[in-house]
Amino acid sequence: MTVNEMLPLAVIASSLLPGMVIFALPEARVGLRSVLNLLGAMSKLVFVILLLEGVARGEVYGFRHTVLPGLDLVFKADALALLFVTLSTVLWLFTTIYAIGYLEGSPHRSRFFGFFSLCVTATVGLAMAGNLFTFFVFYELLTLSTFPLVVHRGTPQAMRGGTVYLAYTLAGGALLLTGIVWLHGLMGQVDFVHGGSVAALGPQATAQIKVVFLLLIAGVGVKAALVPLHGWLPQAMVAPAPVSALLHAVAVVKAGAFGIVRIVYEVYGVEYAQSLGLLKPLAIAAAVTIVWGSLRALTQDDLKKRLAYSTVSQVSYIALGVALFGPVGTIGGLAHLVHQGIMKITLFFAAGNYAETLGVHKVSELDGAGRRMPLTSAAFTIAAFGMIGVAPTAGYVSKWYLGEGALAAGMDWVVAVLWTSSLLNAAYFLPILYRLWFRPPPAAWPAEHIPARGWRETGWLLLAPPLITAAAVLVTGLFAEAGWSPLAWAKLIAAREYLQ
Amino acid sequence: MSTGLLYALSGVGLFMLGAVGVIVLAHLMRKVLAFNVMGSGAFLVLVGLAQRTGQPDPVPQAMVLTGIVVAVAATALALGLARALHARTGGVTLTQGEDGD
Amino acid sequence: MTEAWLEPAAWLIILPLAWASVAFLAGPGRGARLAILALVAQLGLALELAADLTQRGARMHAVGGWGAPLGIDLMADGLSAVMLLLTQAVALPIAVYAQAYFAETHHRHAATWFWPLAGFLLAAMNALFLSADLFNLYVTLELLGLAAVGLVAVGGGTAQITAALRYLLVSLLASGGYLLGVALLYGAYGTVSMTTLAPLAVGQTPLAVWIAAGLMLVGLLAKTALLPFHFWLPPAHGGAPAPVSALLSALVVKASFYLVLRLALGPFAMMTGTAAGLIGVLGASAILWGAWQALRAQRLKQLVAWSTVAQLGYLFLIFPLLAADGLALQAGALQVVAHGLAKAALFAAAGVLMRATGRDTVEGLAGVAGRVPLTLFAFGLAGVSIMGLPPSAGFLAKWLLIDAALKQGQWGWIVVIIVGSLLAAGYIFRVLRQAFLLAPEDSHFQPVPRRLEWVAFVLAAASVLLGLRGAELVALLGVGS
C-alpha cells in the first residue's frame, strides 16, 4: 500500500479509532476522553493539510477495495472532496471543544462522543467516496450515527424528533439506493469522474436516466432539506446545541448538498444534465426552498427553530449554484458550502450559549442579551450579517458569485430570488439583533446557569469556538481573493470540472 | 396390477390417513399413533415400488430399517413431551392460542 | 488430503457427536468446556475444508470406504462449505455465551440438556450439509428436527413444552411428506443420489415425480417456516432460552432452506421453475407479514422471532430470480450468512436485555441504554444487517437481489425488498428508541456478565464487517458449481 493510498484511510481512521475507544471508556474518564477527542481532531487536521498540499500540487490520492465482483469501495481525495473534508475537519475540531464545555457534567458522554466521532467519520468518508456505492455506504452510516445524537436527551420530545428524522432519512436512503442500483444495472459501476459518465449510455436510455436522476436527487435532497423533503430539520432541533451545529453546518445537510454536487458534476456531467433539461427543475426546486425556508423562519419564536428554517433556505444556495449552468455559479455554490458552514455554526454556538448560560430559548426572551453577553452577541451579529449577505462577510462573496453566475447563465429570475431571500433574511435576523443590542435586559434571566466573571460572560470552552468561527466569517470574506481561501479552492474545482 | 404397486397404493392411502389424523385429532396420543401410521405408509411405498422389477433390491430395505429407527426415536420424544405437558397442565391436548402475540 | 482418516468433512460430523455424548455423561460444567474446545477445532476444520475446496475444487468422500448406494458418500462443494463455516462460526460464540448464560443455579436443569442436544444438533446439521443423497438428507433432517425440538423444551416451562410439541408435529408431518417423496422418486428412477437424479428429472417426467417434488418441497417449506407454515416459529423461537433461540433462528431453519436450494438447483430445477412465482409471492408475503407482526409484538423475543419469519422471506425471493448469472444464488447465500450472524447477535442481545431488565417486554426496556451500552450497540449493529443497510452483509444480499430483479425486469420484488427493509428499520428502531428513553424513577437493573455482552457484540460486528469481504464469500460459493 502506497502513501497515496494510505492517506485517505488515515483521515477516516483518525476519528473512527478514537471513537471506538471512547465507546468503551467509563463515564468518569473525562480527561482521557477529551484528550482522545482532541488528538483525533488534530491528527485529522494534519492529514487533511498534507492532502490539501498534495492535491494542489496535482497528486492523486485514492484507494479501491472489492466487496463483491463488480462492486468496489472506492475512495478518492480530489479537490472537491477536500473542500468538504477540510470544512468538516476544522469545524469538527471547534464543535468538539464546544461540546466538551456544553455537556460538562451531563450523563452518557462516552456514548455521545463515540457517535460524534462516528458521525464525522461518515462525513469524511462520504466526502472522499469515489463512486455512488461508496457514497451510499457513508450516507447511511451518517444517518445511523446521528440518530443517537438527536435523541441523546432521552425525552419523549427528543424521541419524536428522532423518529421523524429517521423516517425521512431512511426513506430518502431507499430512494437513493433504488436509483443507484438502477444506474448500476444500466452501466455497471458508477465512478465519480470529471464530466460524468452517464452520457455514454446514449440516447435510447434517456427516459430511464431522467427517472434515475429524480430518484438520486430526491434521495440526497432529503438530507439537503429541499422543500418538500425538509420536514425533519426543524423537528431535529430538540437535539443539544453541538449536535445542531453538526447537523446544520458540519455533516448532515452538507452531505445532502455535496451529494447533489457529485451527482450533477461527476455522475451525469453538467453539460449532459443541461442537455437533458435536468438543471432547470433543480434550480426551481432550490429557489422555492430558498424562499419557503425564509418565509417560515420569519414566524418562529424559538431561536433554534428560526435558525433551522434559515438552514433550509441557505443550504439550497449550494444546489442553486450547481444548477446554474456555468463556472461562475459553480464557484458560488461551492464557496457557499464552506461559507454557510462557518456562518451557521457560529449562530448555533451563540444560540447554545444563550440557552446554556441564561436559559434563553426564544427570540422574545433575548432582550438586552447583548449587554449581558457582548462577545457571544458580537459573534452572532457578524454571522447574521453574513447570512443576509452584507459586505465584507463570507455570505456576501457567495451571493455575489451566485448572482453573477445566474446572469451568465441567462437566468435573470434567480437574481430576483437572491434579492428576495436577502430581504427575508434581513427581516428575520435584524429583529433579533435589535433585541440583543437595543432593548433593555429583563430583571432576571429565565434560568441563569453560569454567572459572569469579568469579561468571561460564560465558560471559555463555550466562548472560544463562536469567536473563532465569527472571525473566520470575516476573514474568508475580506481575503476571498487570497490563494488559500475557500473561494480560491472553489475556483480550482470549477476549473477542473469545466475544462475537462 | 402387480403386488408391488398394490402395496405402494395402500401405502399412499395409509400415509394420507395418518397425515389427516396428525392434523385433525386433538388427543396427543392419537396424534402420535397417527404419525406412526403415516410413517408405515411411506415405508410401504418404498418397499412396494422397489419390488416392481421382480428382483429383491437391498437399498430400500436398508432405508426402511433406518426409517423405522428414526420413527421410533421421534415417537419416544413425542411421548416424553406429551407426558411432561400432562404433568404440568393435566391436559392431553395442545390448547390453542396460549401464545398469542 | 491424502489420508482418508484426516478428512475434515468426516470429523465435522464425528466431533460434535463425540462431545455431545461426553457432555451427557460428564454433566454441564465439564461438558461446556469440552464443547467450546471442540467447537474451536470444528471451526478450524471448516476453514481447512473451505481452503482445500478453493484450491482443489468440489470433492466426494466415501465414509469408511463404503460408497453409495449402500454406504454413505459425503459431498462438499462451495455451498456446503459456506453453510458449514456459518454453522461453526455461529455455534462457537453461542457456546461461549451459553456457558455463562446457564451458569446461574436456576438454569442448572436446562444446562444438563442443552449441551448434549446442541452437540447432536450440530452433528446433524453438519451431516446434512455434507450429504449427497436424498435419503441421507432425510435422516439428517429428522435428527436435526428432533434435537431442535428437544432444545425448545429445554427450559421446561409449559409454554415451552407446548411450543416444542407443536414444532415436533409440524416437523414430523413435514419430514413424512419428504420421505414419501423420496419413496416415489426411488420408485420412478431407482436412485436417490442427487447427482444421478439431476439429469433424469428433465423433459418428460412421470406424474409420480411431480407429486414427489410437491410433497418434498411443501414439507421443506413448512420446516423453513415460510408463510403460511410459519405459525410454529414465533412461539418456539421466542419462548426458548436465548442461546437456544439463537441456534434455532440462525442455523436450524437455514438447513431446510439449504435443502430446498439444493433441490431447486439440482433434480427439481424444472418443478421449482414452475412454482417459482408462487414461492416468491409467499416469500414476499412473509417479509411484509413478519415485519408487521414484529412491529406489533409486545415481547422482545417475540419481536426478534417474527423478524426471523420476515427475513426468511427474503431467502425465497431468490427462486423466481435464479438465473445463469448466479446473482440470485449469491444473494441467497449472503442472506443466509448475514441473517445467521445477525439473528444470533439479536437473540444474544435480547437475552442480555431480558437479564438486565428482569422482563421480556419491549416496554420494559426504557433506560436500559445507559446500563448495557455495549449490548445495545450490538443490537443496533445486528439491526443494520437485518435492515439491509451498508456496509453489512445483509446489505450486499439485498443489493444483489435488487440487481438480479432489475436485470430480469421483475420490478415488483424490488418494491417488496425496499418496503421490507423500511419495516425492519421500524421494528429495530422501536427497540432502540425505547432503550434510549430516560429510565423511569422506579427502575432497577440487574448486573449482567460481561461475557454475554461481548458475544452479542462480536456476532453483530461479524455480520456487519462481513459486508467488506463479500467477494471472498462469493468466490467460495462458486467452487464446484
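Per-chain residue numbering starts at 1, and chain names A, B and C are given in the order in which the chains are listed.
Keep this in mind: contacts are C-beta pairs under 8 Å (C-beta built on N, C-alpha and C of every residue); 3 or more make two chains touch, one makes a residue touch a chain.
Predicted model only: the values in this text are computed from it and were never measured.
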* Structure fact -> So the chain most remote from chain B by C-alpha centre is A
* Asked: Closest chain to the protein CA centroid?
  -> C
* Asked: Using CA atom averages as chain centres, what separation in Å is found between chain A and chain C?
  -> 43
* **For chain B paired with chain C, centre-to-centre distance based on mean C-alpha positions, whole Å** => 26
* Using CA atom averages as chain centres, what separation in Å is found between chain A and chain B? -> 67
* Structure fact -> In chain B, the residues touching two or more other chains are none
* To do: Please give the residue numbers of chain C that touch chain A in the complex, ascending.
  => 330, 367, 369-370, 373-374, 377, 380, 384, 389-391, 396, 399-400, 402-403, 406-407, 414, 418, 421-422, 425, 429, 432-433, 436-438, 467-471, 474
* In the complex with chain C, residue positions of chain A that touch it -> 23-24, 65-69, 71, 73, 107-108, 110-111, 136-137, 140-141, 144, 147-148, 151, 154-156, 159, 162-163, 166, 170-171, 173-174, 177-178, 181-182, 184-185
* **Touching residues on chain B, where the partner in the complex is chain C** => 8, 11-12, 15, 18-19, 22-23, 28, 31, 35, 38-39, 41-43, 45-46, 48-50, 52-53, 57-60, 62-63, 66-67, 70, 73-74, 77-78, 81-82, 84-85, 88-89, 94-95, 98-99, 101
* Asked: Along chain C, where are the residues that touch chain B in the complex?
  -> 69-70, 135, 138-139, 142-143, 146, 149-150, 153, 156, 158-159, 161-166, 168-169, 172-173, 176-177, 179-180, 182-184, 186-188, 190, 234-235, 238-239, 297-299, 302
